[in-house]
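Written out below as structure tokens is the structure these notes cover.
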Amino acid sequence: MGISRPALGLYLTATYPSTKRFLETLDKISGLVDFLEIGIPTRNPKYDGPVIRMAHQGAELMGLNAVKVTDDYSKYGKVPVLMGYISDYVNSLNDVAKTASDVGAATVLFPDLIFDYPELIGRYIEVMRSNGLAPSFFISSKTPYRLIRSLSEQEPLFIYLGLYAATGIKLPIYIEQNVVTIRGVLGDAFLIVGFAVNSPDMVRSLIKAGADGVVVGSAFIQRMSDLNDALSFLKWLRGGLP
Amino acid sequence: MGISRPALGLYLTATYPSTKRFLETLDKISGLVDFLEIGIPTRNPKYDGPVIRMAHQGAELMGLNAVKVTDDYSKYGKVPVLMGYISDYVNSLNDVAKTASDVGAATVLFPDLIFDYPELIGRYIEVMRSNGLAPSFFISSKTPYRLIRSLSEQEPLFIYLGLYAATGIKLPIYIEQNVVTIRGVLGDAFLIVGFAVNSPDMVRSLIKAGADGVVVGSAFIQRMSDLNDALSFLKWLRGGLP
Amino acid sequence: PYEGESRIALLNRIMPSELLHQEFTSLMYVPIPDEVREIYMRLGRPTPLRRARGLEKLIGNGVKIYYKFEGALPGGSHKLNTAVPQVYYASKDGAKEVATETGAGQWGLAVSIAAALIGIKAVVFMTKSSYLSKRQRVMFMRTYGAMVYPSPSEVTKYGVEAVKANPNHPGSLGLAISEAIDYVLQGEGRRYIPGSVLEFVLMHQTVIGQEAINQIPEEPDLVVGCVGGGSNFAGLTYPFIGAKLRGEGFEKTRFLAVESKAAPKLTQGRYEYDFPDSGGLLPMIRMLTLGHNYVPPPSHAAGLRYHGAAPSLSLLVKEGVVETRAYTQEEALEAGVLFARSEGIIPAPESSHAIRAVIDEARRMPKGSVILFNLSGHGLLDPDAYEKVNAS
Amino acid sequence: PYEGESRIALLNRIMPSELLHQEFTSLMYVPIPDEVREIYMRLGRPTPLRRARGLEKLIGNGVKIYYKFEGALPGGSHKLNTAVPQVYYASKDGAKEVATETGAGQWGLAVSIAAALIGIKAVVFMTKSSYLSKRQRVMFMRTYGAMVYPSPSEVTKYGVEAVKANPNHPGSLGLAISEAIDYVLQGEGRRYIPGSVLEFVLMHQTVIGQEAINQIPEEPDLVVGCVGGGSNFAGLTYPFIGAKLRGEGFEKTRFLAVESKAAPKLTQGRYEYDFPDSGGLLPMIRMLTLGHNYVPPPSHAAGLRYHGAAPSLSLLVKEGVVETRAYTQEEALEAGVLFARSEGIIPAPESSHAIRAVIDEARRMPKGSVILFNLSGHGLLDPDAYEKVNAS
């Protein structure tokens, strides 16, 4: 169950701005995205910028309950992924994995796993596998090459490269250069990139640099007050795929 | 009229401690020295140490008058030489040369010629020659090699190397090393060395280092209060010649 | 503490863009621009790597000691290694001024020199207590053409407020940072540049270790440096540590980071997210820290008074790759005097901490062992430190 | 003035014997002992020869400027080049102590460093006015383990008499020399060593020019140095002048000696026999001199306040081989600031005189001309000099 290449993905925080609106959004985006990232609402979205922070604060439900508002995300996007901070689930990793499995997700991505809980990497992989899920890993441009290589040897569903220091905030970083370098280190593993993606040009150049998939989050959520506007934006972005 | 090799010379200040005693000394040293240096008494014996300074102060007569107390120094030493400071005779070089010629001296040595009156070197040579005398030059261990070479090309009677900074005062200088070096620069010119010579061992090692002649001054004058003592000292010194 | 826009977004407005890229680059090696390389060479790079034969003789057990002498640079410390590229990149952004904070003044002096050479203006906010006591450094910064303000100053709202709250405010590094950043935000053509802790600062400093690895004739058993924020230590050791971790030699080499007991984050700090500045204007980073509000006791080694250690260094310590040690000021300066008398160079009080560790380690190492340490600065601008030692 | 035994004979009792030999050696080259060579290397010899590209750009007419950086040595000046061999030879004589005088303290500092490295004691008589105003240098000398007395002191009869005559006696270099010599004569195992003027001092300093002649990639059209007693100027230029006079190259090279208008012996002095010390304890030498009782006006370039120039340099000036120039303190320090801002190094006030001449000469030389000068010291221990410039 891999993701198609090239792929556009969408990040949504579960039950933001309301359960109803969240489900409605899921409904409307089917066919527009190749994979879906569902954020588990948390009080401390530590790597997120202002827009997604606001989405966590504004979610109707918190934690895994928010995720469970539908029992099969694969209806909406070809490959659903849960996304949460492992700091919230250090003692209940299995609960998250079971929930993911229950709602039809293919993996749970923990962005803080290798930075803040590298000692849990082995356990994480085990829990994923034992729940019929694939592991997936979040890295930054500064993650050591050797660590990236050893992660890619775990046959993850994908490796996610955060392009900037936080979601939704651009910095003058040569992100294409970073993607080229990481691509070279990764081998064949599926490379998803994201953070502050907001134009088809950007999507195009990231794919060209070596990304297999690109995720949009803040730029879509920002537009959700007018869902049609958000959907046209998503279509416009999709035009960046080759 | 050259000086024999190897040679021992004696320096005396004219009319010290009295005309009578000076002449008596000259008389007694015949046969004991190969050449004779007669100092022209001056108020400012600038390169001299305490003993010879005292001899200048204690001379009965001053200047050329003191020298003229005999009309033929060659009676006493095979090759007589007058020695004076050119600073006293800048405007009367010819008088000194004529006096030298009159008293049978072979040259006039001016120790301060090349240090303080280098501009007079040409005139000095001319005056020597025109009075039937040979030039002679006083140098120090620090005199530039090229200057030494050009002086030795003037066919001087000798070149006199002052071994120390002043007559009669030893310093921890490797004088043999200096003599070896200067000998190498000089070529065939006759090399006299002096200043603070006071033992046959010293005479021996200076001749061995390359000197053709060695002069004693302060050490002899110091002993002149007992002329016999001074004469035995001179004989003892002579034992240093090979 | 910071309630305005995102601290990360703020970086775009205050820091030279190339530096932000370098902070997040995935390249293993970042090329040194030709212009920076030329200035490095003019200022004396490569710096000497020397054998401390006098100190060896003093210890007398046949241990060999090498040191890399960063004090050979103008200004007398390693700080120029990063001041030059930072000012260069600011000027590439079109900046006409760079602003920064300084405590004892070593960093401010380096920025002043770099700015003079590159031809832009340096504005330095110096903690008021240092401004009043370190007159020489202030004077030399001005000789290089820098504008130096005591902090709290009258030119930023943070300074004005601090004075209003306490007319005798002695200043703090955190306040000086806030003032420098505020100064940059007030006008066009200004950039803020930091002296330590950030990863690009450490990266610039690795020119020290890159040179040393080529200069040293044998593999060291021990590499030692002192730690304020971590840049001089990382600068010397990272190229060695990198090679070791990649299995490219130095298998038996140990690395020892030496700090002041006045700010013992490596030996007593917590490993957690904290602010690099006491004002909380900059994004949080994960590091060994005593807390951004930690107030260290006075120390002559002002460069070691920082509350945290650079994230990568903190991680290496946590992982056991780098060992740690803390010394008191007296222990360090005593070693500094020994070094001065045996090697002829008065070390900076900061560097004396490394020397103290070198002496203590050397004494218990077997004959033939090899130590390398970073003499990050000379002490000619720290007479007050040695005055005290002489008196005792 | 001196009515005791012969001044020349006195040398035997006060100075290291090998130095007296060197003063009168006929050798063209005197070998450097291995021990001295090793210390030279440990202290940073060869010193760098650098291209002053920033200063060149400032002048902007295509003249190339190189400088030899003696300030790279510990203590920050060329003085160590002779302090090391002098202390070494004193120790070879069995001396346990060396005594010397110092004015501003640069020489005293160099002797203190050399003595620490060689393991004997340094005793420094420092003119009282400098002792009180140059606290840093005093403190650093003590850090190196030296005993520093303000002169007039209570430990010699000259000091005691001077204080009796004038309780507020500010000291003078001449008095400090007399005190150092008297101190040496008072006890066993002591030697007096001088900082400039004597020919062996100049000879030791020629290590500068010997290195430079090998380092510089092209024949200079002009070689410049500042002159106090002449040792740093001679140190750089003599190897070039020697080669030129022997017809071994440098035919078109000019040599320019730059002095302070505070002590203009080269441009206004008489060529005559005079005492090197104002006390008249040492033998007279023939030199360009303002008279041994000359009292120079205060100057920050204290190293240039000496009343005479070394005999060989005086002769070279008299013979027209070396050209001369005098500048005021203000003219020199202005050039020092230009140099600091274009090259990153704050020059010693003394060296700034040379820099001023370099700038003035460069401006009227054709494109492609080559200048070499001696940056004899850095100015980090002379903050008072630059304080004044900044204020203006």
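Here are a few things to note about the model shown:
To keep things simple, chains are lettered A, B, C and D as they appear, and every chain counts its residues starting from 1.
Convention: a contact is a pair of C-beta atoms (placed from the backbone, for glycine too) under 8 Å apart; a residue touches a chain by one contact, two chains touch by 3 or more.
Source: prediction; values computed, not measured.
In terms of the stated touch criterion, chain A and chain C have no partners in common. Computed from the mean C-alpha positions, the centre of chain B lies at a distance of 71 Å from the centre of chain C.
Centres computed as Cα averages put chain C at a distance of 35 Å from chain D.
Inter-chain spacing, taken between the CA centroids of chain A and chain B, is 106 Å.
Contact of a single residue of chain A with at least two other chains is seen at no position.
For chain D, no residue reaches two or more other chains under the stated contact definition. Taken as a contact graph, the chains are arranged in an open line, each linked only to its neighbours along the path. Touching chain pairs in this entry, ordered by label, are A-C, B-D, C-D.
Per the touch definition, chain A reaches chain C in the complex via residues 46, 49-50, 115-116, 140-142, 145-146, 164-166, 169-174, 177-178, 181-182.
Interface residues of chain D, counted against chain B in their complex, comprise 5-6, 8-9, 11-12, 17-18, 20-21, 24-28, 199, 245-246, 273, 283, 286. Across the complex, chain C is touched by residues 38-39, 42-44, 48, 50-51, 53-54, 72, 74-76, 80, 113, 116-117, 135-136, 139-140, 142-145, 337, 340-346, 378, 380-381, 383, 386-387, 389-390 of chain D.
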